[in-house]
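In order of appearance the chains are A, B and C, and numbering begins at 1 in each one.
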């Protein structure tokens, strides 16, 4: 009886909600996947059952890889996202640390200033921003977006990390300092490792936003071979009022695979850091 | 008390310690500023000029590719009289508040679910993050198709299961169109909440729960007294960012409805973009973009003060 | 302190960077090695390909000048043009549509001399196109063709309800649509916020009932009239009796999709539906045809969307850009290019009125015919900045959309009138 009740409780608390989340989150991917392997004729037919594919084809993938610069876009996207994420995490952590853990003159001003930076709306920025990029001679180079994305991401990383930095007990840092560590060492060896989940969260988020960004990439990257996946796909797979649905969906799926892989790698890391963390506590 | 969250522990002030090194770098203020300078310089270089230029634009009657004239606050005055501007404001608030609430509650639920022990947990976590990973423009294109009434699988399923008699017009009806864009935004943003809160949950030591369980605390009590206090700082930060993102959302409504039907889904960002870029009224577009600031600023300043008090 | 020093450094760096390319440009002026053209990607892929793979290499062989092509997605050209004009940098030769020559008047080079030459050689320009490309008596772009918006319909379904010829008037079309909707073949005209398929039929509808938004002077708002009211009342019935609710939220892609998915029997669109049908859905292509927009009590109208090329004033070597356009608009090249475009673009040169490209597919002929009754957006109001604002704010579209949704005619007209007065700064 007890086992039965516990199982019932587990269904209610775990399997049911988990099933709901999985279906709700993943259905659109199922849809993208089947759309990407449906021949056009089937895609447009409203008469047949839409949830299965009757005559699957890989033609859309072949077209995507052969007729567009998709692989170059993917490479560009990853390069941009990695550089941007690293820059934003490092600079963001350097801003977050003093704000979260130290008292210094001007702290409130800096905190509000950094947040305010984040608030500046993109539609306001991009004409003057493109002027800056243009004056620096960076139009149509990946550096253009590598320099502009951190403007969005540094404040974000800083703010997210502040929450995590605050949650580390100060005694740990104090102990390290008593042992002769400098402030910098204490931060690097004591606080940062404890905040690994936070760093990962911020990193994943920054990475995702960077590979996702559309407006700046659209304005600054106007040549096919320097484009990122979102801009490349939208620009070259939509012709007038005709969408190349199959190829667009193929691009969406292939475009998210690298990130999904990177992330699934980090999930393990995440859990490892969790076990390590709870042992320490 | 064993239940007290770790973050509440307060250290003694650092300044007066005898072993604080005389070296300047080790002084709190100096060290702080050394750390801050690179990031702040970067932000100043890339945001300050564009930002002030934007303000400068908003004070002019300035059409694209032609000279402007200074008009003071006339653009803002004109906006205040424009019913479409107020409709856009209302839309943006409805969109932001509803989407944020759903994401907050749903994300917390998701975090609690995937924080439990079960087989295939890592895989489930990785899969649940997918909506957040896939490029927004492309997933929105997929949603366009999912929500299309004639081809919609949602409608197809509802019709064939006999639940409804007629197709819903997901993007043609003004209320449903708002519901749809909120739904898609939630779909996209929920995993971010879920995974970030999960990270927060993982900073809670299982010992705390055990101790509380031994003391006879119920599940609800444990959630209220252990989980929530620890999650609070992370929850606030995540919410703040989610609010900012949702408030200034562009790609999603732009691709899905472009503000239609009849402006029912126009948000600040899409409308300001249309006014500035499509209509070529740069001054007014900048003014409208700037109008986003006060609402957000109040929120941010509030949260900042709250956080620094913690 | 930090702030100020930082500002100084940034502006110094910026100035230096800004000067460098200009100096380099001046030095290299004598030998222009390359030009770049930016164009919205054509719906007809072959049109873009012909430019990149045939025309550009030919020109390079002839002159040694490389001509690049930068593609911009549809709906993105105006943004690109805005950034280019504002930052004074980018490709030298640019694509113009709608009313952009007026909008970017100060950024575009006078090409009247070229227009004159081309016109003399090819039978002269159509009168009505000059309204959109000639600004203060100066040609700011050379149009290569119009993208027409016409009625696209299913001949088989129309026959089923006894309509063998496309209805001549809006009322007759409504009558046919009523029958077709009962048969499960509704109409699908875009009433949402797309780029073109909404204004493509709403302006003609308004005009053909005698309604006008604003007068020629650009100061007198005319929208509040009994003619507009008639058009609005018609539109409401047209929507309620022939269409689905969803058209209120459509963007340009939806009607193509619905037509090819055999969901609708009639829409207003460019010829893209038939072109795709021929490629992917041959049996739908067989029963698809085009027709001019219906007549209203005050005539028949179409929307003018002249596609052209212009030269930006910041181009370091305007003469080279002009030389290229002179070559491109020569019959030897232009004729082949238009043919590659599969009659998607209707040229504005009388010399091309009977161009062989029209013979390949007689069903495209209405697009040529429609030129005579085509007017620019917001006509008869001036074609400048206010017209752009008017179109981008969807004043007309939303007026009709709200009426379709059930709002009272006088209310939707009053709202539109208030918006137009603000936009045109009228009393």
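Brief remarks follow.
Rule of thumb we're sticking to: contacts are C-beta pairs under 8 Å (C-beta built on N, C-alpha and C of every residue); 3 or more make two chains touch, one makes a residue touch a chain.
Here the structure is a predicted model, which is why all the values come from computation and not from measurement.
On a Cα centroid basis, the chain most remote from chain A in this structure is C. Set side by side, the interfaces B-C and A-C show unequal numbers of C-beta pairs in contact, with more at B-C. Chain A and chain B have Cα centroids lying 14 Å from one another. Inter-chain centre distance (chain A to chain C, centres taken as mean C-alpha positions): 37 Å. Among the residues of chain B, those touching two or more other chains are numbered 40, 49, 150-151, 277, 282.
Shown for chain C are the residues that touch two or more other chains, namely 79, 82, 86, 194, 253, 257, 261, 263. Residues of chain A in contact with at least two other chains: 46, 126-127, 131-132, 234, 243. Interface residues of chain A, counted against chain C in their complex, comprise 40-41, 44-46, 126-127, 130-132, 134-137, 139, 218-219, 222-224, 234-236, 238-243.
Those residues of chain B lying in contact with chain A across their complex are 6-7, 9-11, 14, 19, 21, 25-26, 28-29, 31-33, 35-36, 38-40, 42-43, 46-47, 49-51, 53-54, 57, 109-110, 113-114, 116, 118, 122-139, 141-143, 145-146, 150-151, 153, 156-157, 187, 190-192, 194-196, 199-200, 202-203, 205-207, 230, 233-234, 236-238, 240-241, 244, 248, 250-251, 268-269, 272-273, 276-277, 282, 285-286, 289-290, 292-293, 296-297, 300-301, 304, 307-308, 310.
Note for the complex: chain C touches chain A at residues 13-15, 17-18, 20-21, 38, 41-43, 45, 70-74, 76, 79-80, 82-83, 86-87, 89-90, 194, 196-197, 252-253, 255-257, 260-263, 269-270, 272, 276, 280-281.
Residues of chain B that touch chain C in their complex: 37, 40-41, 44-45, 48-49, 63-66, 78, 81-84, 144, 148-151, 167, 169-174, 177, 257-263, 274-275, 277-282. Partner chain B is touched in their complex by these residues of chain C: 2-3, 6-7, 10, 78-79, 82, 85-86, 103-107, 191-194, 244-251, 253-254, 257-258, 261, 263, 385, 388-389, 391-394, 397-398, 401-402, 405, 415, 418-419, 422.
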